[in-house]
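Please read through the structure below; I'll follow up with questions.
Lettered A, B, C and D in written order, each chain numbered from 1.
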């Protein structure tokens, strides 16, 4: 095994970032945030490179790092972290999403900029902790801690209906996570009864649940499922999503759709399936059905959305439905495909929201009911947007295609019907994403706005570099998904 | 010849206690409610004496002395509060003091 | 290496033109159409040359082992699935590659002239090159996912090119329609792949043919593949996008919607012919659907007044012929017709483009007439195309179409119904093509005098491709089917091929004659009639239906169920809070009363409920 | 003779301090500083001497009616610390309200003396007397705003209900005395291990005593007094009641529950009864607390309902510890954490200068972010802690009570508690939303952070966060304190 320095490093670095934000002058916060997160990204990639770029799954296994820091030994809490090829991807994506979110210009760099930057770095910290954690309690703590900056982010920099939407977001997520917490306690207690030690270590608990009757584990399973189904979200647990996505400031939206939703994904992969393999198998029928319904239902809602953000929000639910479908196939191949797809979804949704923000900066009133015809005015921006849209509709050659294709391929033997239903989502995906692009870019002969204060230039050089970076990962991943398919 | 059995004293004490309780619940005058609280305490005092007699020990009697002292202090405080209230509201009717609710 | 270069050259062209376009348009400059077109055409020509060398190399090989394979890299590997990014050049791919690159080169060349006024010319050529790149992936890909890559890629290119003039919403919507209808078919492709992988354990095109599959699986697989083909090749039920696709520039219609992309369905069926032919249900479905499409499209074509739309329906109809051929097991005949059709239909489109170009965008055939003098080259080449599609000997169409009609009768998968459908469609084809031919080139000029006077023959870049294609339309059929895929065909039959030949020529002549009588003098304006109303029905069923479904989901499920559950539970909590609050009346005596009640309850339970006497 | 005066030193100091403060108050001077200073010095001395005695093993004094143990020292230290915090933090509030009288200080000291005596008592009569010693200053302090009829009303209500409940407690004592012939807890416990006669009368007595303390900790359905009294009382007094009185009452409640030997099979049925009573009260407290809290607009009433729901959680811990005396640390940890955050909240609250005379309302918090980001942060920390969010002490307090009641098979109740947590979390998030997301309402209160109250709030917030991240020391220490012998 490696030395364990790399893991605490992944956690301490963002925290240092939080502190430095308060000594930096307000005017340079954006610059600081971008450089800081880029630095963290570079270091993270460097640290995890063994896992990310390993030629084979077996080779990757040699780079897995485990670290256990005692935290509250009296009650068996420990800071157990594990960096393997699954968490490595999520950790890297996390910082990448932070970089994208920090790169946006907006009110958050004018109003309380330090607070924004420090919230952002805190999010990076909490998410890293959640992605790396193999101790259920630590995971829960990190999982909850993510709310705190998120609530404030929506609250302080959000738009009109923010209070109601953020409260709903908080309450629904909290409902799920507290049910998970009770389930964790229950498992820890049962394990304590059986083995005499308090431990929330996933390895210990897996040993324990393996000996239990799967029917008995139904309730704890439901607790975990509720938390992650709300977080991802699966239909019908998505009631919080649209409002908070639309009212959140764009970085918040990017964080939420890009990486917060992956908390649910990693929770399912890391905790639910290993802890309750048989229970999950018992319930597989409706789990798969739920995933398929999510795909189609969210796509239907997206078709009707006339607001870009809510359209993208629903499309996010729809795509995450595919991820869930792969996970609920309960086969390691399906799960691996789901990881691939969630990497793709993270990149694409971050990119789409990022570009949509760029469009919004150039034309304030963006109603998708009527065509705006902006593409000829900002050709580079719209080409980027179009390629992102194509990735989102999972055109072959993009990362998302590999993900969706492999997910469906592995889900087909489980449930042909649900796979076909999900396949309808692919068609509907094309319908709404094309609508999104066409109404923004095509169909009318627009003029550049003349009023001052509005950006009239095409996408800036820095933004373009960022976009190209993401796009190249998406396309490279589409041609070489093997890099992302090293198993879980 | 009828002897005074402890249970008889207990019954009386319970009756006194309940009278006191009912008084607190039903009367509208704060001063009478105050007195009824004292009545409750005195009912209990009686039961202490009864049990003390039953067990043939003096602890109960001793307790009664303490309780009486406490009751005196308590009613002093109570009266002070009622006076303060009366200064502000010019009433000692318990129905008039229902501003804090919900 | 050559296989790779064949696809890389168009990709390179795509990148050069694409980046050029972006740079130029963000600087507000124009790209020279000639330079841009030269790059694109050269890329295609190079590709064609390479394909030709590969083809010759292939010819030199022994018949059984005619295959040149190049593996570029491993694409996907997960569990039992291993998909390589490999290019396979065999005789079937060769035909398609040559058609794509050859006709493609000509159309690129033609576009240089046709699109010279276009502002975003570099974008146009980059899209064209991109299309060719994807189409070549489709026909060269060694695995089903690779074919699917091309399959979706050409769909995308088609979307972009149909909506090329994107400032008008109808064009954009036509592209969207094409893309989405293709996607519906693609779903069939996807599921076919899933079934194939589940039962055969591989997605390699060669291996999957060798896999032993149960008849049931074969049938489902074949039907799904065919469903995918109906999308891409515009067959019933997914054919309505093709006429709308005429919103794109005419060379695009010629290349994508006549010569190449729409024939990829035939390619796929021919490629998978052992599996397709293994199921009678699949074959007869293909034959019937193909026949019906041929007939229906031909009927609709008779009522069109838009020059390009007539040709579009004609394409649909001809594709129906090809599917008929596949459906009776004569895959090589289908492929033969793909080739000849590519020549003459591309020719017809380009010639039509030339007419439209000359008339500055006029597409209504009742606003034309008498153009044979004004546009002699166009007229001559169009005549060649006309003769070919009618199936007049010795034009190429004669050979392929005649063979299809013959096979429908003699193949043991064929029968009289299909034969009847073929014959009637052939007659109708002759009718509407002649109608078109007469209305455009003969009679009086019915457009403005000024417009007529302004009409002039196209420049050589447009003329040369016309000439080449006209030649090919003439000679393209002389050498017979270019590839042999014998499954159930070539039965010995008592019916003489010559008899069928005779019948088909007579039928074509009859159709043409009827049109001649009707349209040679009388040129009363006919409005386009939506004969079957299929488009309208689809519009209601899918367009409006989807909107209804979507708003229904939003209103009834989202608003009334999902959101309502949240609201109601919030309201319930609030209500319970308010109800509990009712007890907080503010009177100390009431509080004491409630305390007493609680005490009484506890004691009652202490004495009664807990069975205290039994245990104490 | 009294040969344990050394361990009694803190109480002696406190009592002496009370006398001195009383003396100072009696000498009329214009400034109230002398009483304040003497009170602070008294509490400091008490605190220091308590801390010095923390390691002294438990021993009974005064012929068995009082037991001095690490727990009682700890609790007195805690109370003194809270007392200091509230004297310092409330200074500004008292001046503003015109309540700065010397009497305030000695009443406060007597309250603390009574509360700490309550936790030491090993005799029911002593318990009664210390209960009254605690309650009488509490009544008086509640009515301390003499010229405000709301304050008077609160005091009267508190007084009447408290007096009646005192009588109920005494009745219970009398029954216990009747059944066992003693009021000494050790004797009663010994009796319960062997004696089998008069169990009904004993059970009645025990239940009455429990009910009396359930009233003191405001478990539903005995909670009605709490919102009204909280609303009427001066803010620092409310704070004292929420911390000192609640803690003392809870510790005593737990001790009094365990005067019966539940492990003795002959008490099995009764144990079930007690368990059911506590279970129902816990469930009702949780439901009432969390359901009503979301309908509240007055901040103090909100905190009253919040404390009712916290009582529910504490009862969960009690339930988990029933018959397992050593597991009482869940209650202790909860009380400690709750005390910490409540002190902070009340310190913040005493900084307000509401414009309406109905006290501080939620609306007074609107737009606080714009006016004072630091206050907003402090409020948020306390509210997050109340909701049990991670990295605050509130998470660990909940962890322990949940764990301990899952351990005793109360999982459905824990699920209920979890659901109630969600509901009350909404109530705690709402003020945060108001502070952060709304512009200030024109009728909103002014906020003036006095130096000392700010220090108190910051210290409490730091404690909340520190214990939320590094709870080891707290857990270790509180685990080592046995409550019941």
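Heads up, the rule we're going with is that a contact is a pair of C-beta atoms (placed from the backbone, for glycine too) under 8 Å apart; a residue touches a chain by one contact, two chains touch by 3 or more.
Just so we're clear, the structure is a prediction, and the values are computed from it rather than from any experiment.
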List every chain that touches both subunit A and subunit B.
C, D
Between C-D and B-C, which chain pair is linked by the larger number of C-beta contacts?
C-D
In whole angstrom, what separates the CA-based centres of subunit C and subunit D?
77
What whole-number Å value describes the gap between the mean CA coordinates of subunit B and subunit C?
96
Provide the C-alpha centroid distance between subunit A and subunit C, rounded to the nearest whole angstrom.
36
Between subunit B and subunit D, the Cα-mean centres are separated in Å by 26
So which bits of subunit B are touching at least two other chains?
21, 24, 33, 97-102
Enumerate the residues of subunit D that touch no fewer than two other chains.
156-157, 160, 164, 227-228, 295
Pairwise chain contacts, counting only pairs that touch as defined
A-C, A-D, B-C, B-D, C-D
Which residues of subunit C touch subunit D in their complex?
573-574, 576-578, 580-581, 583-584, 586, 588-592, 594-595, 598-599, 602-603, 605-606, 610-612, 614-616
Touching residues on subunit A, where the partner in the complex is subunit C
168, 172, 235-236, 238-240, 297, 300-301, 303-304, 331-333, 336-337, 371, 373, 375-376, 379-380, 383, 390, 395-397, 402, 405-406, 408-410, 412-413, 416, 419-420, 423-424, 426-428, 430-431, 434-435, 438, 441-445, 458, 479-482, 485
Quick check: in the complex, which residue numbers of subunit C touch subunit B?
581, 584-589, 592-593, 596
How about subunit D: which of its residues touch subunit C in the complex?
156-157, 160-161, 164-165, 168, 199-200, 203-204, 207-208, 211, 215, 221-222, 224-225, 227-228, 268-270, 272-273, 276-277, 287-288, 291-295, 423
Within the complex, which stretch of subunit C touches subunit A?
21-22, 25-26, 73-79, 81, 85, 145, 148-149, 152-153, 156, 159, 163, 166-169, 172-173, 176, 179-180, 183-184, 186-187, 190-191, 193-195, 197-198, 546-547, 549-551, 553-554, 557-558, 561-563, 565-566
